[in-house]
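Next come two complexes built around subunit A: one with subunit B, the other with subunit C.
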Partner chain A sequence: MNNITPYSSPHYFIYLLVLLLPIIIGLLFGKRFRIYDFIATVIILVITFFGGNASQGISLIAYVLFEMIVVFSYLRYRKKKNNSFWVFTFAVVMAIVPLVFVKLDPLIKNATISLFAFMGISYLTFKSVEIIMEVRDGTIKEIKPTEFVRFLLFFPTITSGPIDRFRRFQKDVLNVPSRDEYLKLLKSGTDKLMLGLVYKFILGYFFGTLLLPKISILALSYAHQRPLGISWALVAYMYCYSMYLFFDFAGYSLFAVAISNFMGVKTPMNFRRPFQAVNIKDFWNRWHITLSFWFRDFIYMRLVFTMMKKKWIKNRITMANVGYVALFLIMGFWHGETWFYIVYGIFHACAMITNDAWLRFKKKHRKQIPSNRFTKYLAIFITFNVVCFSFLIFSGFLNTLWFS
Partner chain B sequence: MKKKLWMIFGPVIVAIVALLILLWTPIHFKTVTPKKIDQASTSLDVRVLKGESVKNAAEKENYIPIIGSSELSRMDPFHPSSMAQKYHWKNKPFLLGNPGTASLTQTLNVSGMSKLKNQKAVVIISPQWFTKKGVPSDAFKYFLSPLQLTGFIVNSNHGDKKMNKYIASRVLDLDDSLGTVETDALNRIAAGKYITSYQRFYISNLKRSSLENQDDLFGTISLNDHQKTIDKAVSKLPSDYNYKDLDKLAVKMAKHHSRENDLQIGDSYYKKQLYRRIHRYKNAHRHVDYKHSPEYNDFQAMLYLFNQNHTEVMFVIQPVNPKWIKYTGMPKNALSDFDAKITYQLKSQGFNNIVDLTHEKNPNYIAEDTIHMGWRGWLILDKHLEPYFKDKKADPNKTKYQMNDYFLTEKWANNTKF
Partner chain C sequence: MENTEKIVDILKDVTGLDNVGNDKDQDLFASGILDSMATVEVLVTLQDDFGITVPVSEFDRSQWSTINKISDRVKELE
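Showing the complex of A and B:
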């Protein structure tokens, strides 16, 4: 049997709901069956990773063991000694080494170094790094190996997030919700599951599977006829791909949150009407929220804080801008080592910098610049188009259009 | 609590039950009507090709399938669908083929047409299918119908064993993304074994029955509609059929529509597809070769199915625009060699009804653009189609084929001496 990608086929949902039934009944009667939870997790992981030649599953086990060594070595160190910057940096680097290898693999075409390749390695790495960072901060003082594994391998979110935080997660799993509270969770979970089905399998399917290939063929037919192959079909591709990207991923995220809810865990939402954002900063507070907050908390804030403390840069504006470039470049590299992901990162960094500059300008000239319903819609319109254009870069379609 | 739980899960449970009834019960919600069949016959919608319901309904009515590829979309006044409408042919063409459909896709398509038994069909062969690598995997995957595949698997314990083995292994070669059970079943068929009873149960009772219901429900909803194109084309035809007059009209129209180039290529096609890159095609086909191709084996699989169903078939060998041949520098013998090879494969097995347009004496405007027949090409074909379409029942004397499994072998695919 082959691996089943989570939430991609009716089979997966059937397995999932059957496995969830005892958990749901347990929670309704105020009980968490720890051992059953463990068994259900193992079964889901086997379905997801051990199909075919099981290479992904073996990678997953090796990866988790490796991360455990890194995290618990660092935890032991932190309990004894005080905070050395270099030990901390070393721990973070070690934690992301497997991910870096996997991401570099397509670039150097050396399959042996991506020892750890499995679906979802990015998201597990985000969680591990978060723990290391919080151990350094002292906000996480104690963590048991079983807790670490449970957090990392929480199956509803294992392949693509949302990225939960350890302490928040612990609060939910250690607690058994009251019946009223749990019934509310069941309701919100069911609603999200149904909405997710509409998003992913109706709207996402419509835009991605039915419409996109047709537009793609049309847009590619202009490849050698117009300068840079620019055509109306390309514009259509941009919007269609953006819709597909949103509905597919938001649908998936809704499933992940819904299943978490059924298990009595309030995994944070990943999307909050992103296309109603009034500016690009607002957009990143609404789009793939757990990822952008992770980048904000653990890369941007820390970098800016370090710059401030070490007085590398005096000017606050420059500091913020350097932070944006670093954040979005890293995000670009994280997506993959291709020119379009990196350009996508740079594009968003520029958008953020421009946006900040505009907000400063607006603040200074508050009296001259009107602010009303019309300007708000205009702002939403501009943001939407800027975002869609960035997704066109992200899609890699330009690469196909221009270079193949 | 019970009430609250019902408020939460009740609607979901009702929806699931409704879905199960729609997809798996033997209640068939037929949406196929005579009007739908008429629309489907010229729709060229992929769902028609991939489905079964509407095609099988059409077989009970006065339609004869024309199996082909991209040329079917060249709906000028002389297109068989236009002519059949204008001159009230006894039976009407049912078009099955899209850009990218080649023999293997059509083999599976034919295998799904259970009502084709003892009936007639037309197959338009394109020399361009017969390339060295054969049908591209992407194109095959795109047109592969899960419904027809389940049908093929379920029926694999009868029919010619060598043919079943061949089709199963070809499908596996070209599509590696099939379901697990399907892949296992095809592997067994390819190895010459029967499928297991579990595979039969799963594919026949779970997969196929659901796909059949889906085909019944959604197979004809908002199909592409070409009726207006046909009506417009028909309005340009004179009320009486006279071949010579029509031939003149075809030349006149073709001339009018290909003013902007001297290759007799329709202007709209030329502008869209060729204008900017025409120079690239200059002498680009100097080494073209249609003699070595796995397509010959795929084509043979289709012939086996016609034999199995006692289907009487008219084969049409599609011409290529002679000016295009010259422009692209295609070697003189490329087409005639292909012609000879495919004709040998057909005739030696008793498929004798061949309309060969490769060697027309007057090849002007025989194609609508480069490699797709149109204008005079259609008109010449129509002359053969009209009497053939008078009766849709196969003549039992013309379906006594003598199948030869040599044509399924790689040796034949690469043979140049025949």
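Showing the complex of A and C:
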């Protein structure tokens, strides 16, 4: 038996629905069975991480123990003393050390380091860092080890998010919804599950598995015939990959939210019609929402807040732009240490800066610049193409086209 | 009441919009009046003008989303 990637095969769904049945029946009768929840979590985690060789599972356990030491040492410190910036920074650095190692792995190619890796380490790290940040701010004052583990290992979202927030999550798991509320949740969960199946296994499969390999071969055949290998096939690859990326990931995210709903947890949605965004800022409010909001709240806003408070930079525009570059560079590095992820980050930072400049210009010349249905569709069209181009960079296909 | 006027002034300064105070229950985030940058500016100004500390993570967008809500929260924290 091998590890089963969540939501990737019919087996997983069958195991999942069988395991969920007692939870669903319990919630229908206004009960949460804490011990059963725990057992179901363990079974799912075993299926996901211990199916093949157990190395992923062992890494997961080691990782959780390590993060617990970091988070609870920091919490103990915070209860006794006031806030030292350096202790806080040290805690955050420690919390991301395992992730940094795993991300650096392709660069150093060290067999020992890759032992730390397991599916979903990024997402668990986002959650741990959020807790440390909120412990610093005093918005999380108390957290029990069992609560921490339950939050981190909440299995519907364990491998790829959506990234929930601790206080929001607690509110749901400590509450038992009324039967009416829960029936609504069940219905919305079922709708999401169905839509997710269409997204991931029909549309995602069509674009990613049926179409993309064919376009890829065609586009690569132009590699040495055209300057930079630019061809219509490459353009087709860009759109096809973008569709695949969206339907695959949005489909997965719908599953994660649906299963959370079945468990009485309102995990936030990750996508909200991203291709209808009217500008790039709007796009990031609609695409991988929980990730972009995490970066907004815990990197961008904090950085800008510090810059403003300490008066490092006077000019507000410069400050916003520095914030964008920092945010998207970090996001690029987080995706992986390859040139195309970093360029993808820089590209989006530039797009955000350009967009802000345009919005300022538009504000000043409000009377001269028309705004109607046509300009709205034009804005959506331009944003869509900018985004698809960024996904072409992100896909790494240019790397294959140019360098191999 | 006085607080609310002060907050409206802050919002007008930050956003450069004159009609901000008209509807005190308007959602400032959903309507696009406040983006992240403007939010931080409002936060820092609130801290300076009212002498209150609002950590960024306390700034829950549902609890601070309208002028009336901001006013209530400021009163609590003062």
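Please note the rule applied: the second predicted complex is superposed on the first by the 402 of 404 C-alpha atoms of A that agree within 3 Å, B and C clash if a C-alpha of one lies under 4 Å from a C-alpha of the other, contacts with A are read in each partner's own complex, and residues count from 1 in each chain.
To be clear about the criterion, contacts are C-beta pairs under 8 Å (C-beta built on N, C-alpha and C of every residue); 3 or more make two chains touch, one makes a residue touch a chain.
Remember, predicted model here, so these are calculated numbers, not experimental data.
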item: Partner chain in contact with A:Lys362 - subunit B first, subunit C second, else both or neither; value: neither
item: Which of subunit B and subunit C A:Met301 touches, first, second, both or neither; value: second
item: Subunit B versus subunit C as contact partner of A:Lys376, first or second or both or neither; value: neither
item: Which superposed partner A:Arg272 touches (first subunit B, second subunit C, both, neither); value: neither
item: Which partner reaches more residues of subunit A (counting touched residues only), subunit B or subunit C; value: C
item: Touched partner set for A:Ser221, first subunit B, second subunit C, both or neither; value: first
item: Subunit B versus subunit C as contact partner of A:Arg76, first or second or both or neither; value: neither
item: Subunit A to subunit C touching residues, read off their complex; value: 133-134, 136-139, 281, 296-298, 300-302, 304-305, 308-309, 316, 319-320, 323, 363
item: Residues on subunit C engaged by subunit A in the complex (per definition of touch); value: 16, 35-37, 39-41, 43-44, 55-58
item: Touch list for subunit A against partner subunit B, complex; value: 1-2, 28, 179, 183, 186-187, 190, 194, 221, 224-225
item: For the subunit B and subunit A complex, residues of the former touching the latter; value: 1, 4-5, 7-9, 12, 180, 272-273, 275-277
